[in-house]
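Naming follows writing order (A, B and C), and every chain is counted from residue 1.
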Amino acid sequence: MFYLVIDILGTVAFAISGVLVAMEKKLDVFGVFIIAFVTAVGGGTLRDLLIGNTPVGWMKAPIYIFTILITVIVAILFVHQLKHFRKSLFLFDTIGIGLYTMIGIEKGLLAELTPIICIALGTMTASFGGVIRDILCNEIPVIFRKEIYATVCILGGIIYFVLIQFPIDGTIAYIAGILSIIAMRLLAVKFKISLPNIYRS
Amino acid sequence: MFYLVIDILGTVAFAISGVLVAMEKKLDVFGVFIIAFVTAVGGGTLRDLLIGNTPVGWMKAPIYIFTILITVIVAILFVHQLKHFRKSLFLFDTIGIGLYTMIGIEKGLLAELTPIICIALGTMTASFGGVIRDILCNEIPVIFRKEIYATVCILGGIIYFVLIQFPIDGTIAYIAGILSIIAMRLLAVKFKISLPNIYRS
Amino acid sequence: MFYLVIDILGTVAFAISGVLVAMEKKLDVFGVFIIAFVTAVGGGTLRDLLIGNTPVGWMKAPIYIFTILITVIVAILFVHQLKHFRKSLFLFDTIGIGLYTMIGIEKGLLAELTPIICIALGTMTASFGGVIRDILCNEIPVIFRKEIYATVCILGGIIYFVLIQFPIDGTIAYIAGILSIIAMRLLAVKFKISLPNIYRS
């Protein structure tokens, strides 16, 4: 139940980020909805396709489609008020990527995949909705250019796999993974930490 | 047999729309063929992947690959004459989206998915070939910007699911779904109906 | 073992081509790695998804992820020296597309698909990593515009299917397919052979 609430809040935050990018591109209502939808569920969909978990997640749980539909309607109607909620949305988004990373890792473990692949699946779950959003809006994905977003998911995944080597409860390691991602992202944004620049010369 | 003829005509119309977009981008012969191919089969392929119907449809029925190959050759040779067939092509295209929407809905029902997901799959079957075409040609998909195309598929899907609540024959509801999509699209284009503008301010 | 060496050399060459395109777009380290990764494994991943071979190939063999990771690090550190290896890289790349085409055809045969679909899968394996690379970098795929790359894979596939009609050993036909692709590509590049121009008027 607690996870479901976080999941829905994360879905709302991801969908709103899709609405904002789509409206900047002046898409019509249908376009805005599709962009919001792929931003929210695209990462998990790609993960499910690669693992072979079909029909993919959102097809079996229509709650996501309804959540996104309502989010899009509300976001379009109150788009000028959205900036007042920027901090809340950033927080939901951050909590969302923490949870989604761990959900992706868990699905990888269920499919008996190795840790490195599980971490890749977790990172994908949390960040590839945004990649598909940017591709559909004809932009080079922002997480390939500047946001220290995926790196945080990878580090959180590594922390989780290190923790479960020790005799601690699985749920605690799971929650520690989520919290470490949230903490690292907040710190990275606060202190403007970015990946090392590889274009020195 | 009757459905197969419509299916082939729709495939031809979709493939030609791919050829035209690809030639505007000055792609080479291989590029034109691939764009025509994804325009024609991309929507159904995405649907099959999401449901888990693999190998996907066109891999089990080479008739599509041959139809598209011949269409591309003829379309390239007679590209300057294509404008004389614009009305026929628009008609085939419209009949195609009616049929493809219902084919997608049917595949969703076979996979025991809920009506809203079935309608999403039908709309995807009819319209996401064009989305993939536009992405490969480095454009924001036209159906996200102006064409009232997907909306018509959604409405046709709703009509179908309303009809099957009543004690009428399944085939009649199926054909009514197709015809309602065709009628709505023709009316929408004739009266230049578009989605409400969300960029008032 | 011999095939594995070729496979790894091809993976390195493909990954480096991804690094070069990504660095031209000034992507950050994470972006460069993802582009290198999809360039190297994207074609095979798409093939596995369409056939239904999931989890897809690279998820079951982490050697690819490690090979690409090391390649990316070395390529970024020595990017200015890479031009001295252009000829070797072109050779690895060419050997790679020969092998990948035949691997794709073999996977198609295992799934009991018809020759034309097998050839499509082989061509996809060898060339669609580059398509996904270009899409993620917001470019129209280069193989749709000028490179005589996919055509060579298709011809090599046809040669293979002609050969296995005769009473010759399967392995010989397989190697003949690879060698014919390598030879045709080298000739095409040396003599600047391109597809016929369809934009005469």
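The definition used in the following text is that a contact is a pair of C-beta atoms (placed from the backbone, for glycine too) under 8 Å apart; a residue touches a chain by one contact, two chains touch by 3 or more.
Values in this document were obtained by computation on a predicted structure and should not be read as measured data.
Taking shared numbers over all numbers used, the subunit A to subunit B interface scores under half, which places it in the different class. Overlaying subunit B onto subunit C using CA atoms gives a rotation of 120 degrees, to the nearest 5. Rounded to whole angstrom units, the spacing between the C-alpha centres of subunit A and subunit B is 31. Touching of two or more other chains is recorded for residues 49, 52, 135, 138 of subunit B. Taken together, the subunit A residues at the contact with subunit C in this complex read 49-52, 111, 113-114, 116-117, 120, 131, 135, 138-141, 143-146, 150-151, 194-199, 201.
Residues of subunit B that touch subunit C in their complex: 22-23, 25-32, 34-35, 45, 49, 52, 54-56, 59-60, 62, 65, 76, 80, 135-138.
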